[in-house]
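Data block below; observations after.
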């Protein structure tokens, strides 16, 4: 069988590397192009030695025409604001595109400009892009050629809240998301605040109420509920490589016990290939989702307070980035949704 | 000058060790007795080699009479339920006692019994014990001979909430405390869930709404406010040795901006030797309080939501246990409150 | 195609779990039996939630007859001394067996008894067992039904020394192996010295000259060289989950430059699917072999001293245990040697 | 009593910070000047909040004249090659100087130039500088006004070898030092290879045979033995904040058992305030020297091989840098050698 040809633009960052790792073992897709900023024109298996005998490909300086010539689908694992320089070209020459950056996630260019401090330059495709969270709009993803892959924090937050959204179980004004992320979420870059001796044995909150993922969460919750939603979101930096744990606090609009809410979640996500509502009473931990595409969920209701705590765990490079991107490719290409992801 | 003679019962646990470390360099107190369960009858400087040239003392199996004979004050760094077997004796023979366990923190024996699953056996001294959080009742501590040293989580939580309590800035029904603790908080014990390969590269919540520190927090908030308070408290286990970061969410009863609230906190804690309201906009991190007796505080108001997030960081073995115990001793003995703690 | 039926006895330890993880995605083998000491009679996908949709199997108390009935090949991931109670039965009923314990690695029962402090009870099968390091005796592994899977330290050490052994490049009396291992090497067990707060932020050597892997290394080097070899071996405990880095010092018997030795290694291992001699000048690191079955190698010659330093990195649970066991199964069953391992 | 006035030039790096931490609690010295490159003209207690109530001092852009005016002794915690621009001035105006950089450690300017890639510009003071390892030349340090503070790796290596050097117990041609250092050793700087997600869960060797500390170790061993010494030195990067463990392999020139060698070491270092030969059979670990000025030592002889393994542990910021610098100041100023260091 001839494999589907895919390329990764920006293959040497953490998400790019994870894409290469997953795609090099994918049963239906074949990596035919990788580019990277810093390690130009060397074999990708020299950069990532575990690819020996699995992939033999040059990692080159990025040339859009070459990428288009060699691939049917492109993963753009580029910094914010860079993706929108190249996505239009690939879409124009009829390539499928999955953009990992934030450039096409926020439907309102003004909000994009407020949070990312640059003007949006591609209003046309911004309208077309489908927000690639399969659990919320699988059918739309199947039909599109252009996916904006969700941010890591929004993935963990939305999957935790989703079951109660349409049923209006939550008081939407009450949502508090206390999220904790591993360090790969910040990318592979020289930054004094990210060096080992600063992050190790430490823990802190950052960007209180101001994180660029806040409007992304709000937008998606609003799209789903058709109501205005403004979450309180506080991200923290965890001294681990991979993983996000989101502790979500919501006021319940109706009386519910833990067992009832858990049963509802369990049923809601029963058929989802990558969402796991854990056994009753079991709470998720980062370690057991690391290196997977799973979102694990646990919850508990405080009946006296009329409040539920829902906890989700994902791998920020898996379900929070590269894994989800491959899941989206599987949907866009009509492959088994789980292909390459276990 | 003759030094004040003190002993540490339970010197080989993490808190006991930290007490020994601090006391061995204290200007006014002298360690004259240490006991430990597991390393009996060896020199304490053999167990902890950094005590070379600083302390020369046998670490023995615990004998209350010997301890009483050799000391003026005893730190009981014993497991919950064990302290109350010995505290009465020391108090009876007119020793000062600082109990690090939870045995004398909860004034209501019924609540103690509910959370610690044993009967309380010393109602008399339970009434006498002073809850040793100097920022809330320094004068009482100065006058007592018996201090119940606060739990680590309650210390971080109460210090974060205190400035707004008496002024009733908070909606007391709205308090949510999302706390994250390092692993020494669980003690030095063989436990499969605490081994390195389980905790490292992971993160999880535990004991949702059920942690034994919940009633302790509620009790102290109620004592201060004279109102009923029931906090929502979710503890998490951080892959670090030392430190607790508490992210506290409260609804404001009045309109406030960040600057105003920060100014109020700064002034409130100005004279406190071990509480640091950080520069405006700066958020605390665990690393900069590790190995200190400080509680660092940062905060921010979300005016649209009428909500404040207050973040506190302490070292769970410092201000959360041994450091605070020494601060209490300094008060009880009329030493400089900071002696031995910098 | 009908898959080959395999079982994992001892599926809830670290190596057992890794075996289950690998085998649940193996193209030619099917997991039909798993047993575990502590989590009896629950679904294995409840214990390891990432198996959702990938494996649906009960994890039971171990019953040899049931295991034999359901499987063609058994992985015995059991503690030392327990394997030899059960291996004879499986071999007798014509099952293939891969023993992960140390019970069948040391050909001399006296040495086994000296290092493992128990008598060896199965001399017959001890003679039959093939030491399963494919790079040293692939053909023998292909023909056997019983493999003794190598220890983690010996794998890293022998693969580093192998190219120079037959050619007698090394002064065999001079070999020093300074090895550093992650904590999963010690197993999933309650042990006070393994808890997070003891291991984290620390590093130490242990069992100087006395580690039970010393005779295993000596035996294999002797088998290959036909000379007597006694290595100096010093293991250390690294605060990481997975990985062993071995820094090996050898005196050269002939003059050699780095380039020449590197070229020789590169050629020697060229065809090996799981040994990677890195680009000239590049040294291996644990992180890039974690979660793989690779052994990465780098080296450098100190010409003045006539000494080479060879450094190897493996994942102690991958090439050092479960990965290698699956590689051995692939050879024993005439599958593609790499099946399931990328 | 009037305190001795000292300054720290370069107070915001890891070593500078540790100096400030130690000196702010020193009984005989008073910090009267601190400068830092990046956080100019702010209070030092704002940068390091744990200095609240302990130090109130502006951290300024470095001005040599101001520093000289305010201090009797200067700690130069500057990058290599920067120290020698300023040390001559301070010495000329009769200040005591302790240089933490490598600029005055290597007596042979040619070797300095080979390893640090710049010309040495201060031959005069290079001759005067005393290598500040108290255990090797305490009397010289007491009499000098200019100390070159030793490197971290040399401190751990030399203290491990010292007892056998003068007695010629070792075959000097056989010395192998396999050293492992925490990440603060690399300084507080933006560097892609030092970010958390690269170093964490990893381990690697670097600069084989080429590290700039090799000639420093050789020089000091030669000074002590009056023989030519060329050690084999392989440094590794450990995923911990602080600490160096050095595993040292030496051939014995005479027959020795472990007990005998241990007894000799124990006696040799008996009176040293900061060297701890651990109880027989006990091996050092990094954790128990972190945040101290101690060097802990353990050892074992392999009699068959005629080889000893000596293991030393220090805190690279303590005995390996700031702690040792303060010990040197204590000697130069005739204070109690241990002042401020426990």
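All chains are identified by letter, namely A, B, C and D, in their written order; residue positions are counted from 1 within each chain.
Here is the rule we go by: contacts are C-beta pairs under 8 Å (C-beta built on N, C-alpha and C of every residue); 3 or more make two chains touch, one makes a residue touch a chain.
Worth saying up front: this structure is predicted, and the values here are computed from it rather than measured.
Contact tally for A-D versus A-C: the pair with more C-beta pairs in contact is A-D. A centroid comparison over C-alpha atoms places A as the chain most distant from chain D. In terms of their C-alpha centroids, the spacing between chain A and chain D amounts to 46 Å. Per-chain Cα centroids separate chain A from chain B by 40 Å. Averaging C-alpha coordinates per chain places the centre of chain A 36 Å away from that of chain C.
For chain B, the set of residues that touch two or more other chains comprises 198, 200-201, 239-241. Of all the residues in chain C, the ones that touch chain D in their complex are 176, 178, 180, 198, 200-206, 208-209, 230, 232, 234, 236, 238-243, 245, 247, 249, 283-287, 290, 300, 302, 304-305, 307, 309, 311, 313. Considering their complex, residues 14, 182-184, 188-192, 194-201, 239-241 of chain A touch chain D. Considering their complex, residues 24-25, 46, 48-50, 52-54, 201, 273, 276, 278-279, 288-289, 291-292, 294, 296, 338, 342 of chain B touch chain D.
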